[in-house]
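What follows is a short report on a single structure.
Naming follows writing order (A, B and C), and every chain is counted from residue 1.
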Amino acid sequence: MNPTTCADILARVRSARPLVHHITNCVTINDCANITIAAGAAPVMAAAPEEAGEMVGAAGALVLNIGTLSRDQVESMLIAGVRANELGIPVVLDPVGAGATRLRTESVARLLDRIEIAVLKGNAGEIGTIAGTGGRVRGVDSGGVTGDPVETARECARTTGAVIAMSGATDIVTDGRRVVLVENGTPLMGQLSGTGCMAASVTGAFVAVESDRTIAAAAALAAFGRAGERAAAKASGPYSFRTGLIDELFTLTEDDLAGHTRVRTIDGL
Amino acid sequence: MNPTTCADILARVRSARPLVHHITNCVTINDCANITIAAGAAPVMAAAPEEAGEMVGAAGALVLNIGTLSRDQVESMLIAGVRANELGIPVVLDPVGAGATRLRTESVARLLDRIEIAVLKGNAGEIGTIAGTGGRVRGVDSGGVTGDPVETARECARTTGAVIAMSGATDIVTDGRRVVLVENGTPLMGQLSGTGCMAASVTGAFVAVESDRTIAAAAALAAFGRAGERAAAKASGPYSFRTGLIDELFTLTEDDLAGHTRVRTIDGL
Amino acid sequence: MNPTTCADILARVRSARPLVHHITNCVTINDCANITIAAGAAPVMAAAPEEAGEMVGAAGALVLNIGTLSRDQVESMLIAGVRANELGIPVVLDPVGAGATRLRTESVARLLDRIEIAVLKGNAGEIGTIAGTGGRVRGVDSGGVTGDPVETARECARTTGAVIAMSGATDIVTDGRRVVLVENGTPLMGQLSGTGCMAASVTGAFVAVESDRTIAAAAALAAFGRAGERAAAKASGPYSFRTGLIDELFTLTEDDLAGHTRVRTIDGL
């Protein structure tokens, strides 16, 4: 994976300005809307069952996030996800807190069973839980996996058929065979609520314009991580970091991204 | 419309500190609460059907926004709106995404049919859709109108009986006959989620203290736009702009507003 | 109450990093999540009735906030609160707007009747309403109490069995007998939506690690207030103040807190 690939995809997002439809949690929904704009795309949030399927018809991607799920909201996710599949619109799923409660674990299983997920973006504990190889989750925080993280991600990709984007100090992106490690980012990401959700929104924007989902997801995490690095250099704490994160992604030049993308591939990509 | 009029109304908001009751979307609800405070008013958000009508009794204005509507939420809007009409409390409606889905278009029609709306604040695509003269909406973004924007706004005012506040590079405010053009603002407004929603909140604060709704809405958009101009001068991107927008409206002096209001009238006002 | 007590408890929060489970309003939920992190704890928001009781099992404290309540949400609060009581997990209740509508006043009565509340944190009008001694509430703002605030808080503690944390220019914390006055803070707290909600979140983090709830609540308000003082010194308005509030609590040293805690005790503590 060439470092200029990330910059190329970012340029395509900004040019196409895809609509990214979200059905997401109420904690970080505002930051998700704004990071989508900062990435160069257009957000819309529409969860009512009467319109979720209709709205997705205008979208370039659908992002589902179970951070504050309810039974009704999962039904809307199913309607929108099935419709997205019919239309060939890629679906990103963020399984927030899978493993923490039965409702979350079972809801993710239902979504994976009924919808073809393009990219499943979660933390290590969530991905380990879904892979069935062991993952620890407390609330919405990862407690890590049993065994090797790369193999966990690969197993999860094989089990679910989705590209896995596992966030961490090094992000791991894999389709089960190919693996890309993304080292852009900053520890401040872990001190701000919603960075995982925002990463999924950026991933939605990138998969809307790039059909190789492994490449798209890795590029999204690199761009988001690079914006975070620039923001962290000026931050005094989590909220000045957040301000910088949005501003820096919005103003990130393709040259800066091409020059600072830190991706490594395993098994060639 | 005299430039000092805007400053006079802002002074009255700060003196009276009206309660502005919102039933609104969950994406931008926090920014709406805070812009209401920054304008000098007091926000409250209460959407449960059991209390929506009771809460409006204490309010100086009611703001309805369908950004993340549900069937139940529209019912609460009807309860609160009908009660507001009984009490003579002005109602501002922000028809977010009207034209994008049937649910949104039909819900706006229901609200307009059952509630006397004081000010209908929307983007060009939404207003054109409601006027029935042609409007394009993608997600919650305007794709513009068919034909002349001023005539579209006037037609919408005549059809609905509401004062129309159509946002854009130049905001158009009209009761169907009189027209005020507001040129305060900045392109950064279009890069931050929720600026339209916030404009509706400020409009709520202004109509709570000024009975000429055309004047009140134009003054609200001028004050909000002026705060935006001041914020844009210092911003590095959308989130530093947001921080500045709240801070600048909070600290905006009446002298600054009187000196920088950019309103033009058509057909005399 | 020794000034180093506050710093000691803050240090224990940062060391233990307790999970603070929230069922809260959708206006300030993001700021509540982030202030919890800034205090050194871990937030989770989970309101679905199917998981509210299960999630609380992993938590060190439960924070309930009725700012945008619904009938269904109150049911989830009852499930989570009863389960928390069974497990010995302290429950903080923020009765937002009690006194403003029947739904709010009655819902608080139901929660107090069915759940043992560790700390009841409200503004003067809410506490006066719950004490039954007279409180004025407009929307979600306090209009003050009838009679002496300290006696109102004491009466509310005796009536409810909870430690009362009554916010104001001087915060009053009491178990009905002992009284601690906390003078840390800044008037800017009153110009930002959600400072009361955030104070409840910090209180949740502190009661998770300190069993004397009067001490824990007073220490939480002192730490939160001290962060506010530091933020106010640099703020240009409500949103730069908010950015500073999160950043300053996150970076607040125990030495700074020990040196600037302003607590006074009545009847010895």
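Keep in mind that, in the parts below, a residue touches a chain if its C-beta (ideal position, glycine included) is under 8 Å from a C-beta of that chain, and two chains touch if they have at least 3 such contacts.
The structure presented is a predicted model; accordingly, all values stated were derived computationally and were not measured.
Interchain contacts join each chain to each other chain, per the touch definition above.
Comparing the contact residues of chain A and chain B by number shows a mostly separate set, under half of all numbers used being common to the two copies. Measuring from the averaged C-alpha position of chain A to that of chain B gives a distance of 33 Å.
Multi-chain contact residues, meaning those touching two or more other chains, occur in chain C at positions 26, 30, 243.
Only residues 19, 21, 26, 29-30, 33-34, 37-38, 42-48, 50-51, 54-55, 58-59, 242-248, 250-251 of chain C touch chain A when the two sit together in their complex. Residues 25-28, 30-31, 67-71, 97, 100-104, 138-141, 191-194, 235-240, 243 of chain B touch chain A in their complex.
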